[in-house]
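Look at the two complexes coming up: chain A is in both, with chain B in one and chain C in the other.
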Partner chain A sequence: MRYVDEFRDPDAARRVADAIAATVTRAWTIMEICGGQTHAIVRYGIDRMLPGMLSLVHGPGCPVCVTPPGIIDAACAIASRPEVTLCTFGDMLRVPGHEQSLLAARTGGADVRMVYSPLDAVELARENPEREVVFLAIGFETTAPTSAMAVLQAERKGLANFSLLSSHVLVPPAMRQLLGDPTNRVQGFLAAGHVCAVAGYRDYHAIARQFRIPIVVTGFEPLDILQGILLCVRQLEENRADVENQYRRAVRHDGNRTARAAVGQVFEVQGQAWRGMGRIEDSGLALRSRFARFDAFKRFPEVRVPTERQTPCISGEVLRGVRKPDECPMFGKLCTPEHPLGATMVSSEGACAAYYRYRRAPEAA
Partner chain B sequence: MCLAIPGQVLSIDASGTLAREGSVAFAGVTKRISLAFVPDAAIGDFVIVHAGFAIARLDQDEAARTLAMLEAVPPEARA
Partner chain C sequence: MTFRPASYGACPVPANSADRIEMAHGGGGKLTQRLIDTVFKPAFAFSEEDLTGDSAAIGRSGSELAFTTDAYVVQPLFFPGGNIGSLAIFGTVNDLAMSGARPLAVSAAFVIEEGFALADLIRIVETMRDAAAQAGVRVVAGDTKVVERGKADGVYIATSGVGEIGSRTPIRPQAVRAGDPVIVSGDIGRHGMAVMAARESLGFEPPIESDCAPLFGPVSALIDGGIELHCLRDCTRGGLATALIEIARCADVTIAIKQAKIRISDPVRGACEILGIDPLYVANEGRFTAIVAGGDADRALTILQRHDKAAAIIGVVCEREGRTDAKIETIGTTRALDLQTGEQLPRIC
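Then we have the complex of A and B:
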């Protein structure tokens, strides 16, 4: 078992797609929440294997995409200080803020570095005591434990020159927001497997009950996604609204307790703005007061996070599954991965970038 | 961003709650990875790795069960 090829077998994929086609008797709309799944669906053409009555819509599960532009502005402002080294994940560098991206700030002389792990930023702080090292921390439940561990390590090492600019977000509040919207069309969810690997899926039972919606925790390989869809349409056809776990090899009901404990120790829940989607109550993580000395918002109190301005980019609608990327008038014309107007065109998990990469050739309708 | 990939634990070199780490082999490359969040992972186990951290130990029996379910899908639907 290598946990990859076994879950990409094309014959099995065909069989599961046939089973889906044999199950579906009416029109259904299912949302895959996670951008990693969107990428796999578009890359492997999974949506094109499905019966026409079944639509997949892409969800908000791309952390880079939902990071508000004001946070990028704040990060650029902090990075422009001569004593600061600003670190973040590679995907974040090209995301446009209101004024510029971190990459542009770097071209302008700021010390901006890409790291693979938040611990790399802690290590940089330890090696360079004369620098103020700031880690721009983004990501869902999957990533929050890695930021929490960075803070715990910095504390243990007694580092006075490390801080976190936290823009972490939580998935269940965003699911509730989508379902509560009067224009919502989503009738079933594929929940994000790696989010649940950490957080578990305890929170989903109440959502499934309240909104009468099936939720299937789903993995990322083509067979995982197809099986997740099959479980979801069976529920829809049988008028059930249960929480099921397709990704059992990685996800336990309570998630990863060690990781959750680290998050709970370091962070507390707060309201959070999502790019293109507005503010969502209880959907973000802020450092607890005990860790205030590692909080970049406190360390650089003069830095403001401006509220999001209107732009021609419709990524808010793309992230809510209301419109598909190729329905955006800018798509592939004014907006490309080289000149992105929105974050969904930058991140490899953004729906616009996935469509640009795999679906650009215009197809006969 | 939630991209997380399976890798196999080759060695566990440091222990202690915060510092537990080891080397993990992915297709072609070996990396130092924090194992702090997978206290139960042993050498030879596969783990899911995200941003330098193993976030879950993969359960071989569950994986086999999922594949068996896929294998069995579903004769009645093809009739």
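Then we have the complex of A and C:
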């Protein structure tokens, strides 16, 4: 299959891995930002193809993982109202809030539905005018455009029973937060290719300059990731801090202008809480006042978003690349995908789930 | 943040998982296994032998009978390549075929929702008639119940089947030996992706068709060809990976397969790539894995390729390696395969 097979070719992968080994002369730590990349790395054992001096740490780019538990509490509270149908992405259903997950709310009787796109939720609202349809909108720059489109479509269709519970987040502010942290050990970034396909990588030049750090926009196939690492390692060895684009077949410098325009039309930037990382300024998207009637926070003003409580889950450190999943004392024991203590064990893009699935000898049945 | 055991009680543990049935209890993965182990096995005193195959042998002397039962709740009821009726027949006769049994008779029970269109019921029943003819089996007993609107999702069908075991040696996981080749009877992932595409109105072009088909034909060809069959397993719920893991656990071996050898059609691969779904875990309704004696590998493959050119040897049975049930080689690296937890859900971005 084109665009897949050539990027999973064992011989080509070996050649790039050899080139990396020939380039590295000292220890470096590189973070892949996106959870999709984390999964590919762990699934294909890419980190095991690299020289020991090179360390990959996993970043915060799992949309489900960084959604704060308080938002899930709020979504469960809204979903428990008899007139409400709450829709969200399937991956979101199992993630625990403080009290329960949306799946548990559904098992308990709430009308919670999995949709593939927020536009499906708009369609559901149109077909069921007697229901209040709420879409729990999460994710990065990648999913924000379809949320924006959903609001624009709901407006065009004159729907009075559709609203968005927005918990969208933006990547560059989180990168700045990570780099400004005194415990930071990241020396180079593989930026998330899909995010950049939408948002472009204009914002990364200032980060690379300010923090003297190489940033390589990278795709998701094994060969993409290996090439991204090679470009990043070359920069580190040559003491450069540039922004490079490995994922040219999908990413342009300015991204997708139509998608960006839709996001800008519907949303404005605001401070946002991230699970395990606290509040990050200018890192979230809220509906503009012109679209207030589609804002679930305004439609259900009595619903509160509690601040995150302390738990023994180390997902905050995992998401910041400070610790790896298997360094958690609860990993695979108290915390499993069936009984997750944190979102990183639940989501298909979560680092803990990746380690559990691919890095752990299966338990006996 | 450091680990503080004292605060464990404050963790956001989902409150539901302990005491209610979740969707994943029907998914064929870990929770299904746990349900069988903790609820059904103690109640019905199944032996380990009963639980290792898709059907149970019930004869005592002379020709042995195989008996199996299954319930069908697919949504949507109609999908490219079949409907709930063809599944209900093929699913049950295929469970018999996996014991090397020629299907003799099938019963069918219908739970129908009030208000269900008679025309749809007729379509389903006619499909069952044709499927039974194709599989060489008669539907000899049935039952019909109607429940109030909202109490069922259109129609549910439960079928049971009896078959006559034709192989001379028992076909079961315990017969599997290190060195045995692992063969798959065709390309994988069609049924699950066809149903998902139909359910979610994902307009793949061309549409992906279910592979649902009777399997006794190729199985009997293997038996008639004198192939020493060690284990057969249809790759239904949970897909090829789950079938291999279950066999490996029963046989106390490790099964090693190669990604490059597994055939997946481009439409199925494309759909799986888009949705972030692993085709190894996607259901099939007309594919099985055959583990045969080492010396019979090439002959068995030739026989199976007469039925489906995409049949392939995808790996080999190895001595048990610690806790690893099955492993797969991809880009020159190898990883363990595990039962999946819960349903496979499409990725977000």
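The rule we apply is simple: the second predicted complex is superposed on the first by the 360 of 365 C-alpha atoms of A that agree within 3 Å, B and C clash if a C-alpha of one lies under 4 Å from a C-alpha of the other, contacts with A are read in each partner's own complex, and residues count from 1 in each chain.
Here is the rule we use: a contact is a pair of C-beta atoms (placed from the backbone, for glycine too) under 8 Å apart; a residue touches a chain by one contact, two chains touch by 3 or more.
Just so you know, these numbers come straight off a predicted model, no measurement behind them.
A.B. asks: Just chain B (first), just chain C (second), both, or neither: which does A:Val4 touch?
C.D. replies: Touch partners of A:Val4: chain B and chain C.
A.B. asks: For A:His339 in the superposed arrangement: first (chain B), second (chain C), both or neither?
C.D. replies: Touch partner of A:His339: chain C, not chain B.
A.B. asks: Of the two partner chains, chain B (first) and chain C (second), which one does A:Gln227 touch, if any: first, second, both, or neither?
C.D. replies: Only chain B; A:Gln227 stays clear of chain C.
A.B. asks: I'd like to know which partner A:Pro96 touches here: chain B for first, chain C for second, both or neither.
C.D. replies: In the superposition, A:Pro96 touches chain C alone.
A.B. asks: Per the contact definition in the header, classify A:Glu349: touching chain B only (first), chain C only (second), both, or neither.
C.D. replies: both
A.B. asks: Go through the superposed model and pick first if A:Cys313 touches only chain B, second if only chain C, both, or neither.
C.D. replies: The answer is second: A:Cys313 touches chain C but not chain B.
A.B. asks: State which residues of chain A lie in both footprints, the one left by chain B and the one left by chain C.
C.D. replies: Residues 1, 4, 36, 63-64, 89, 91, 116, 138-140, 142-143, 194-195, 348-349, which sit in both footprints.
A.B. asks: For the complex, which residues does chain A have touching chain C?
C.D. replies: Touching chain C from chain A are residues 1, 4, 8-10, 13-14, 36, 43-46, 48-49, 63-64, 69, 89-94, 96-101, 103-104, 107-108, 114, 116, 138-140, 142-143, 194-195, 222, 309-314, 316-317, 328-330, 334, 336-342, 348-349, 357-358, 360-365.
A.B. asks: Could you please specify the touching residues of chain B with respect to chain A in the complex?
C.D. replies: Contacts found on chain B: 1-4, 6, 18, 27, 34, 36-39, 46, 48, 50-53, 55-56, 58-60, 62-67, 69-71, 73-74, 77-78.
A.B. asks: Which residues of chain A touch chain B in the complex?
C.D. replies: Spelled out, the residues of chain A in touch with chain B are 1-4, 6-7, 12, 15-16, 18-19, 22-23, 34-36, 61-64, 89, 91, 116-120, 138-140, 142-143, 145-146, 149, 152-153, 156, 192, 194-195, 197-198, 223-224, 227, 230, 246, 248-251, 256, 258-259, 262, 347-349.
A.B. asks: Using the touch definition up top, name the residues of chain C that touch chain A in the complex.
C.D. replies: Residue positions touching the partner: 1, 3-5, 7-8, 10-17, 20-22, 30-31, 33, 37, 200, 202, 245, 249, 266, 269-270, 273, 276, 322-325, 330-339, 341-343, 345-349.
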